[in-house]
Amino acid sequence: MSGFSLDAVAAILFIPAGAAAILAAMPNYRMTAVVNVIASLLTLLAALSLFVTDRPAPGQYLLVDDLNIVFIVLNTFVGFTTSVFSASYIAHELETGRLTAPNLRFYHAMYQIMMFGMNLAFVSNNIGLMWVAVELATLTTVLMVGIYRTHEALEAAWKYFILGSVGIALALFGTILVYMAAQPVVGEGTNAMVWSVLIEKAAHFDPALLSVAFIFLLLGYGTKVGLAPLHAWLPDAHAEGPTPISAVLSGLLLNVALYAVLRFKLLLAASPQAIGPGPLMVTMGLTSLIFAAFMLYRRRDIKRLFAYSSIEHMGIIVFAFGMGGPLANFAGLLHMVMHSLTKSAIFFAVGHIAQVKGTQKISEIRGLTESHPGLGWALVIGVVAIAGLPPLGIFMSEFLVVSSTFARHPWLAIPLVFGLLIAFGALLLRLTGVAFGEPRGGTAPVEASYVPMYSHLALVFAAGIYLPAPLVAWFQHVAGILG
Amino acid sequence: MNGLTFDIAHLLAGSLVLISFMMLYQDRLFALINVFALHAVVLALSVAWQAYIQDAHHLYITAAIALVFKAIVIPVGLHRIIQRLGIHRDIETAVGIGLTMLAGIGLVTLSMVLMLRVTPEADPLAREDLAFALSIILLGLLVMVTRRNAVSQVVGFMSLENGLVLAATGAKGMPLVVEISVAFSILIAFIVIGVFLFRIRERFDSVDIGALDDYRGERR
Amino acid sequence: MIAQLAVQGAQMLSVLLLAPLLIGFVRKVKARLVRRQGPSLIQPYRDLVRLMRKEVVLADNASWLFRVTPYLIFAATWVAAALVPTFATGLEFSWTADLIVIVALLGSARFFQALAGMDVGTSFGGLGASREVMIASLAEPAMLLIVFSLALLAGATQLSTVAAFMGSPQVGLRVSLGMSLIAMVMVAIAENARIPVDNPATHLELTMVHEAMILEYSGRHLAMIELATFLKLLLYMSLISCVFLPWGLDSGGTGPKSLAIGAAAYLCKLTVLAILLAVFETAVAKMRVFRVPDFLGAALMLALLGTLLLFVSRSL
Amino acid sequence: MNSTVPLLLCGPAAFLATAIMAAAASRLAAATRLVYGATLVISAVLLATAAGHLAGNPGEASATLPLGLPWTGARFRLDGLSAFFLVVVNLGGTITSLYGLGYGRHESQPHRVLPFYPAFLAGMNLVVLANDAFSFLLSWEFMSLASWALVMAHHRDEANRRAGYIYLVMASFGTMALLLAFGLLAGPAGTYAFDAMRTAHPGPFAAGAVLVLMLLGAGSKAGLVPLHAWLPLAHPAAPSHVSALMSGIMTKVALYGFVRVVFDLLGEPAWWSGVAVLLIGGVTAVLGILHALMEKDLKRLLAYSTIENIGVIFASLGLALAFKANGMPSAAALAFTAALFHVLNHSFFKSLLFFGAGAVLTATGERDMEKLGGLIHRLPVTSFVFLIGCVSISALPPFNGFASEWLVFQAILRSPELPQWGLKVMVPAVGGMLALSAALAAACFVKAFGITFLGRARSVAVERAHEVDRWSLAAMAVLAAFCLLAGILPGFVIDSLSTVTLPLVGERMPVQMAQPWLSIVPIAESRSSYNGLLVFVFITISASLAAFFIHRFASHALRRGIAWGCGFTDAVPAAQYTAVSFAQPIRRVFGGFAFRSRETVKMPAPGALEPARLKVEMHDVAWEVFYQPITGAIGFATERLNQLQFLTIRRYLTLVFLYLIILLLVLALWP
């Protein structure tokens, strides 16, 4: 009955959990960093093994299907690379004394708990369990955002926490409503919360209840996705937390929430009389895109800048999924993966840059390609990628989204293109300032960990010109599932 | 089911909504907290009643949690904090009381309209409960939105959680995991909020978020 | 074939020899109009020969371009003049270039003249050059528009064909043709630096355009340029005559008799035009340099109007 | 024959390999020679292959790689059009690399040029070869990206950074327009292969939309007014040989995109499409050259004149469209051939002129004409070839510029046969515009050559100048030779273009090489004919005859003396006419409407000692009308929205709350 046979899924869950326990107990912070990396690596391997091992039958609590494997593998991979990056980043933080050894114990333990929460959210087959997992992940990140204990950090964490917990409440109410809708059909008890059961019977649910439920879920999880106007926590949380956390927030946590939204979108799509989720998502997506695009112009803090660009891209992704159809869904999935990789790579670079320059103020960073070519060009490539220029992966997804949208609903494509151009202008403007010109700020050489960022960028580049056939088949299959 | 049980449940839920309105009306911290305690008590009663009529015994636990934590521990704790921070002064409500009340009435009607669209086949108790729960949640949000003071916002948040509990208990046979998680989230919420209040106390002299506003990230 | 070549050669030589005479004639008439005796008709030839004999005084920093230019100008103008039917159409080489090419050849002559004007680096040269190109920038499009309206009418830019068409009865009287004629006359005046656009006789630097450009030239170089200028006037006169007064033109290969007629007719046309020019020049005064654009703009408008009116008055 | 495309694809691959190698080894001393040598060889091979295909005319060849868009694959195809533009691109590439061998040595930061130069070439080649929307756009944007990197090569200069910024923003604007166009052509099913688009003909409305989008997309890259704003900034900012590539070649690639879609994929055009293209072309030509006339920066002047030539080409493309739409294939073939011929010619003389500007830059370190002058004594060879370039671009016989413009005029003269009155009347008017722009071009390049190379030196930098290296001179000499050859043997070019015109407009121009004396006859000898060769011969003969007679019979005496200064001797070089003063008469004529220019003279009172001052103010109308409002609007919007960054948590909560209420209301009102 319970899906807890000792298999890959269990490994994905238990490795982080166990690691968290160990890390919480370990005094030596150098060791903790190493353990952190190792644990993340093991999780990644376990996740990869999901492809080969036969999947457990969907239980009441756990489920592995084509949809979430994509998310899990992406999640664990970025989790791993981020842990590598964070090892070098944290070392520097210790030297500068911004963090202390106890902080680090806490930090690493939290890191693993967060990974646990996110993996759990992905594999859970029970909407209640999924909710719990998402909230667990959120709360851990809240604590980590506040870790520097500066005014700004505390304010950011506080904001994040208040808005987050409102989101929690709304999402929970939505979940309850879904249960209420399912209960008459499926019958009382846990079954009425089991995803795989719900999706089968969704057609017979009460449409009115489902509609209300979806609105609450969209707002609740949408808060985590960072869709405007629910985004307020996101920029500050990115800007004030430690950079690895910013990377994880943008690269992973947003995806977790997005995944939840997608699941419920499927549920709603299965019930014809309920309101169509598409228009809602398209509206929210466009709003976020255009809003974030304009907000990019006045940013002075480099991390906040890229946080807003995350909002922008989440907008695009939600828009794509809202459009639906094989092309748009394919594009949405691709865009999500590419964005996770690129954005985390950018944050890796930005983290080191902020460390060498000793500031996050854009106006105080100049001529990076000359003073720190490694970091500077990484940033250039990253921004070029995130701006959707070829030959990098995001170009392909934007190509598909825009062209397919214009062919179907021209009046939707115009604001989309408009937002993309506005955002492009802003990003390029900042990039020109930061990467070129007379070098300014600290020019000390940095012992950066180039491997994570450049491996991400290499992947993005490869995806831009060549997608291996099995991956494409997989994505197309998943796109088919998403309808 | 006989009408009486239904009426009692209905009565309790309705009184919860009423108490939410009282919260809206309060503009003093202590009074607000007391009203909230009352809110929690009534919630506990209604949960218990639900446990009785559904004879789902695990719901008694929820009722107990509600009674102990929300009706006693938290109010007391909040009293402490308020004294420690020395903010007995009035809550400067952002919006006028009258307007708030009007908005509240509007919210209640909205939630009624929404829930009454639900097909009557779903058992009426659940339906009414949901209607009330939704209005309580919205009112809780309204409290959070219309208060400037962090403590009162926390109170509003918790009344919102009460609405959730009401909804959850109204749902027949909803697995325990959810109530636990509700209680859990409230617990975590409270702890973390407490931690934050403490920290913020360290840094600033008041919990008034207005004080925080001076530290907005981009303003320099 | 040989006969054709002979005619062609005769044409080339004749324009070369006639050009100074034409100038002399115009001067003579002008002098007479103001009751002066005036120089003799062959004075221009004497001037040329005298210039040939004189030594060349070259500015210190004059470059090779400065010394090559006179020959280029002369050659371009001469070739252009040789391509315009004077007394006979359908000459051997008439198909090597059409009206557009002729205009362009004159353009290249002007191009190099302006460059030469700037070569020495005195302010006069630059002044002349800049004014010259300003005038040209209006005169050339006007000329091309005239070519358009003729070509649209005759369905060809080939001068022989145009002349034949204009000679044929099917032309009739047309508004647009009149406009083209007026425009072409105005362009011709501007191109040849005649009053009122420019005064060939002046040497007051601030008012001159053409003379300012060649201010630095002397001796044989100046002779070449002068000859080219004479040729240009002849060219425009024969152009006007062969397009708008296409009577008596020999249509090629029809024996010496018709050739003789053509030649006679040609001489008459030249005389008439020369007298008209002289009268006009004595009648009007030179205008300020910055009035010239208005003058040429009028020509441009007329030409454009003529082109557009073609479609309206096609039925006429 | 299918082996051609893979062979051609090896070229870009080799370019990219070179780029990677350059990125790795760019700090080495020998890197410059290696990279440019490699690109020289590669593009020469590509050139030979493409030329062979164009001459041999073996039809089409195509290949598909398992890259790019998964279910479409990266498709490549070689037909007449691609072959012709491959010739243009790689001819430019070859000669530019030759020039780079010398010029590159003066590069201060080779590691910012060498890696991107081959990438740029690769991008341009791929665009021309691509046969599906995705690979096309990918290569297109890659080309822009590489050229952007080259513009940013000297990034310490604020102006260059600004140029690069505007350039890339405009480029991606264009790409978005193209993207939308392809979206329309591909349809909801997403058939991105060109072959599929060719068969599926869009409705009239969609076709019109595609045309407009192509004008925006390709036009912004080619520099159509008013989308040209980036061009005069970006082209001069790059190192000169790259400027030559951008101005001479990349704009042509943009034209290729336009032709490929509008003439090939879009099917039968509507007659009004010709109107739009014609009009824009004419306006672009006139405004472009007027801007060029007002410039005193040599490279900017050249960039603006590029805009003019693009205008000419677009005008004749519009003519071809109009003819094609009205079922006049022979006339369409004439106009189309004229356009392509001008494409080739412009790539010749514009590269030549930019090389010359680069030579001047290396010799003197100056781009500002007001500081140059008298270079004809210092750089004899450069000045000579530059003169040839100027003559060619001014459309003077017997050089190539004239040949193509002559063809354009011939095409215009076919307009009476058009049925639509609008076109009947408009075509000659546009012809007038083109004539005007040609005359202004002559004026402009009299100024360019006269101020830069003639007269007396205006700065010490000029007195220290020396002739540039042999590589550069060789490159320029080759181009000058091409200018002359294409001018005196136009028939050869026209005939080799038949491969291109036949499939696209369904007709070709009559065979020219068969004509007696190698003259060209577009329609019939009785109508019009031109023989560049004979004109050239005549001019040479008569010039040398004259020279011979003079030296045989006239005096040889020659004396050097000081120039006549009207009695005022040894005037300082500053007394010469400057670029600005040279343009002043024309500014007074056209400046009023083109630049809203105003001149104010401050004349001191009689007897006062201070100098009189002339103040000229000019406006870039396009910039003020189209760009400033946009930037202003964005600024306003950001200012307003930026407030949302500074709200209190309560306000944010209010936002969430209101959003929730709105959604619930929507739901409540949901039917």
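A, B, C and D are the chain letters, set down in written order, and residue numbers restart from 1 in every chain.
Note that contacts are C-beta pairs under 8 Å (C-beta built on N, C-alpha and C of every residue); 3 or more make two chains touch, one makes a residue touch a chain.
Keep in mind it's a predicted model, so treat the numbers as computed, not measured.
Hopping across touching chains, the smallest step count from chain B to chain D is 1. Think of the whole protein's Cα atoms as having one middle point; the chain whose own Cα middle lies nearest to it is D.
The chain pair with more C-beta contacts between its two chains, of A-D and C-D, is C-D.
In whole angstrom, the spacing between the mean C-alpha positions of chain A and chain C is 79.
Centroids built from CA atoms put chain D at 44 Å from chain A. Spacing of chain B relative to chain C, judged by their CA centroids, is 100 angstrom. Distance between chain centres (mean CA atoms), chain C to chain D: 35 Å.
Residues of chain A in contact with two or more other chains: 158, 162, 166, 212, 235, 298.
Among the residues of chain B, those touching two or more other chains are numbered 114, 117, 141, 144, 153, 212, 216, 218.
Shown for chain C are the residues in touch with two or more other chains, of which there are none. By the touch criterion stated above, chain B contacts chain A in their complex at residues 114-115, 117-119, 121-122, 126, 130, 133-134, 137, 141, 144, 153, 157, 160-161, 163-164, 167-168, 171-175, 177-178, 181-182, 184-185, 188-189, 192-193, 196, 199-200, 203, 212, 215-218.
Interface residues of chain A, counted against chain D in their complex, comprise 158-159, 162-163, 166, 170, 211-212, 215-216, 218-219, 223, 229-230, 232-233, 235, 275, 280, 291, 294-295, 297-298, 327, 367, 369, 384, 387, 389-391, 395-396, 399-400, 402-408, 413, 417, 420-422, 424-425, 428-429, 432, 436-438, 464-467, 469, 472. By the touch criterion given at the top, residues 94, 107, 110-111, 113-114, 117, 138, 141-142, 144-145, 147-148, 153, 209-210, 212-213, 216, 218-219 of chain B touch chain D in their complex. Across the complex, chain B is touched by residues 645-646, 648-650, 653-654, 657, 660-661, 664-665, 667-668 of chain D. The part of chain D that touches chain C in the complex is made up of residues 373-374, 376-377, 387, 391, 394-397, 402, 406, 409-410, 412-413, 415-416, 421, 424-425, 428-429, 431-432, 435-436, 438-440, 442-443, 446-447, 449-451, 454-456, 517, 519, 525-531, 534-535, 538-540, 542-544, 546-547, 550, 553-555, 557-566, 571, 573, 575-577, 581-586, 588-589.
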